[in-house]
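Here the structure comes first, spelled out in C-alpha cells, and everything after it is commentary.
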Amino acid sequence: MMQVLQVVILGLALGFVYALMVSGLTLIFGVMRIVNLAHPILIITGAFVSYWLFILIGLDPILSVPLAAIVVAFLGIVLYKLVFEKDAAKQTYSEMTVLLTFGMAMVIDGILAFFFHNTQRITSPSYATDAIFIGEIFIPTAQLYSGLVSVTIITALALFLKYSNFGVAIRATSQNRTSAELVGVNVKLVCLVSFAIGCGLAGSAGALVSFVFSFFPSRHWEWIAIMMSLVVLGGMGSITGAVIGALILSVVSSLVSAYYSPAWSTMVFFLALFVVLLFRPQGLFGVRVD
Amino acid sequence: MSNIAVTSSQPSPKWDSKQVIPLLLLVALIALPAVQFFGNHNYVIHVVLFAFLYITMSSSWNIIGGYGGFISIGHNVFFGIGAFFSGFIFARYGISPFYTALLAGLVATVFGFAVGLITLRVRGPSFIISSIALLMIFRIVFDRWELVGAAHGITLPHNSLPVEWSKVPHYYALLILMVAAIFLSWSVRHSKFGLALRAISHDEIKSEVTGINVRMIKVTAFALSAFFIGAAGAIWADYLTYVRPNIFFIILIAANMVLMCILGGKGTVTGPIIGTIVMIFFNEFILAQFGASELNIFLTGLLLIITLLYFPEGIVGSLKQRNLLPRFLDWG
Amino acid sequence: MTNLLDMRNLVAGYGYGPDIIHDFNLQIKKSEVKCIIGPNGAGKSTVLKAITGVLKPRSGAVEFEGKDIAGKEAYQIMRQGICFLPQERAIFPNMTVAENLKMGTYSLQDKRLAEERIHHAIETFPVLGERLHQLSGTLSGGQQQQLVYARAFAIQPKLMLIDEPSLGLAPALVEQTFQHIANIASSGIAVILVEQNAFRGLEAADYGVVMDLGKLVFEKPANEVLQDQRIRELYLGKAAKQ
C-alpha cells in the first residue's frame, strides 16, 4: 500500500510538469485553433537555454525558468510574425496549419541538432540526485521542485486568465472570436500575445524538464504524441482539462512503469489517445464554437 | 469516362506527347542499368531507385492525403510493416522478399483497413495526431518485440551478385512497383471511386447525403494507399540488408512523403512524381555540399513551410492554374 | 442634421469571389431606424459586414461621424461606437453572464462608468440579474438572446447593426426580440436592421431600404414600402411581372 502511494505521488509530481508542458499548447489551440506541433521542440529549446546557462555560468535551472521563458517567447513572436500573421485572421482551422507547425518543428530540430547534436543531456544541479523522505515515502528533490514550480506557474496563468483584463480578452477570443472582435477586442493582438505566452510556457517547462528528463533535439517527436494524448484526454483548449489529463495519465504511466515495465509506460499515452478516438468519434478537439 | 470520349471523337493523331514522352522515359529507365556494362555507376543506380521508392510512396500517399484530404504523417508504419513482414520471413524461412513483397503489401493493406476503421472517423488535426500516435505505438512495440529482434531488428543476407549488379534486382522491382503505384493513382483519379473520394475531401456530410458510402470509401482509400508502400518496404529491407525500427519507423520518412506530394501538387497524378524528383535532387545536392543530415531535416522543414505559404497548390497545381503545365504532365 | 453614417459607392465581396454589393449608398442619421429588406442573396448581410470591418470593403467610402472607417479593423470600428449583432448567437458560452456583460464594456477605460452601464443593463433585463454567475452556455435560448441585447445595452453604441434578429427564433421570442430593438431605438441609438421577415422588420423601422442583386432598388418611409409595386416583383420573381 505504501508503495502504491509512493508511485502515485511521484506520478503526480511529474504530472504537474507535464501539465505545464501542455498548458501553452492548449492555450494556443484555444485562441487560434492552431495545433502547434512545434511546441515540444520549443520545450527542448527552453531546456537548452537552461542547460547552457547552467554549464556556462552555473545558473540554477530553477532560476533560469524566466530567462528560458523569455527567450522562447521571443522566438515564438518571430515565428508568429513569419508564419502565422498572414492567416491569423482566419477563424477556420485548416490542415495547413498543422503541416506548417510540423515544418517549423523540423526546422528548429534541424538547427538544434546541427549545433548540439543528438546526444543525451541533462542539467545536474546539486539537488538533482537528492531525495526528501516523508515517513517511508521518498520524493526525489528534482521532481519535487519542478512539480512545485509548475504548480506555481499554472496557478499564475489561471489567475491571469480569470481576472486580468487581457486574460479575459484571451478567453473571450477563444470562445467566440467574432464576438470578441465585435465588443472591441483587438483579436490580432490577442493572438500574438497568446502565442508568445504559449511559447513562453513551453520555455519555462523546458527549464524544468532539463533536470528531470534527459533531452536531445529529436526527442520532441516522441513528446508530440505524448503531449497530444494529455490534452486530448482533458479536452483541447481547456487549461483545467489539460492539468487533469496530465495528472491522470502521468499517474497511470507511473503505475505501469512500477508494476509492469518502464519500457511500456509511454504506451499508456498513445493508447489513451486511441481510446479517446474510439469513444469520441466527433473528434479529439470537441471545443464548442457555437 | 467522359474525357476518353472527348479524345476519341477528335481527329487528333493517335500518338501525342502525352503518351510518347512518358513511354520514352519508361524505356530509358528500363535500359538505364546497362550503364553498368561501362564501369561501376552504382551511385546513379542508387539515386534512381531511391527516386522509384519515394515516387511509389508519395503516389500512394496521394490517394488518401491528396484525393481524400486526410493528412497522415505516420504513413511509414506500412513501410515498416512490409519490411518487417518480408524481412522476418527471409531471415527465418529463407524466402526472398522479392517473392513476398506483394504479400507484404497485402498485410499492410489489411492492417491499413483495420486502423482506418478507427482513425478515419475523425478528420483534420485529430486525424493527423492519431497518425503520429500510430507511428509512435509501432516504434515502441517493435523496439520491444523480441521475436523480430527488438531494437536491433533483423539482419538479412546479402545477395550473391557481383557488386555492380547487386542493386539491379531492386532497381527493377521498385520500377515495377512505381509504375503500378502511378497506375493505381491514375485509376483512382479517373474513377467513380476517386470522384467520391474527392467529394469526401470537400464535405463529408454533403457526400453522405448524395448516397456515397463515406466510411467505406475513405477506409478503402486508406487501405489502398498502404499496399505499395508495404510492398516497397519489403524490397527496401532486402536492399538495406537489415530491418530496424529506428530506420523504418521514423517520422522523417512520412514527412518526406507528405512534402514530396505537397511540393509537386497534392491531388494530381503527376504531382508526387515531380515533387519526389525535385526533392531527391535537392537532398543529394545538400548531402554533397554539406554532408550533414541535420541540415537535411532543417531544409526539408523550411521547404515545407515555404511551399505551404507560397505555393499551396504545388508545382503541378500552380502550373496548371496558370495553364503552363506541359501536356505530358497533365494526367488529371 | 448631418449623417451619422455615410456610405458611398461601396463595393464588397468575399475572398477571391465576385463583388456581392456594387455601388451601394446608405445614410443614416442619429436615432433613425432603417430596415434593409430584399430576397435571399441580395447582399443585405454583406452591407452590415462591410460597415463593421468584419469584411473589408473593396472600394468606396464609409464615414462614421465624419471619420473614414473603411478598411479599419473591426475592433477599431467597434470602439468608435458601432455595435454589430451577427446572425450567430454572439455569446461567450464558457463565461458567466456577468463576465459576458463585462465584455460589453471591454474597451471602456472608466471603470465606474462601466459598472454603471452593466448595472443599467441588468435593470433592463432582470432575468439576467438572477443568473449573473451562471455559465451563459447553459442559459435557455431566449435568455441567451436577452444576454446579447443586454450586452449591446452595456456597450451604449451610437449605431447598432442587427443581422436577421428573428432568424430561427420561436414566434414568442421574435416578439420579445423586437421589443428589445424598440427599447434600443427609443433610447436614441440609430439602428440598421437586416430582416428576412419584411413585414415585421418594417414595422419596427422608420425607413425601408430595398436591395436586390447587391444594389439599392429604392428607399422609402417604412409604411410606404410594402405598397410599392416593385416589392411584389422582387419577392415573387419575374412571374409577377408578366
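A, B and C are the chain letters, set down in written order, and residue numbers restart from 1 in every chain.
In this section, a residue touches a chain if its C-beta (ideal position, glycine included) is under 8 Å from a C-beta of that chain, and two chains touch if they have at least 3 such contacts.
Quick caveat: nothing in here was measured; it's all calculated off a predicted structure.
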| item | value |
| --- | --- |
| Identity of the most central chain, Cα criterion | A |
| Chain located farthest away, centre of subunit B as origin (C-alpha) | C |
| Computed distance of Cα centres, subunit C from subunit A, in Å | 42 |
| Length of the line joining the C-alpha centres of subunit A and subunit B, rounded to whole Å | 33 |
| Averaged-CA centre spacing for the pair subunit C and subunit B, given as whole angstrom | 53 |
| Residue list for subunit A, restricted to those that touch at least two other chains | none |
| Touching residues (chain side subunit A, partner subunit C) in the complex | 165, 168-169, 171-172, 175-176, 178-188, 288, 290 |
| Of subunit C, residues touching subunit A in the complex | 52, 54, 73-75, 78-79, 83-86, 88-95, 99, 102-104, 106-107, 137, 151, 155 |
| Footprint of subunit B on subunit A - complex, ascending | 35, 83, 86, 93, 95-96, 98-100, 102-111, 113-114, 117, 221-222, 224-225, 228-229, 232, 263-264, 266-267, 270-271, 273-274, 277-278, 281-285 |
| Residue ranges of subunit B touching subunit A (in the complex, touch as defined) | 69, 71, 73, 118-119, 121-126, 128-130, 132-133, 135-137, 140, 143-144, 250-251, 255, 258, 262, 292, 294-305, 308-309, 312 |
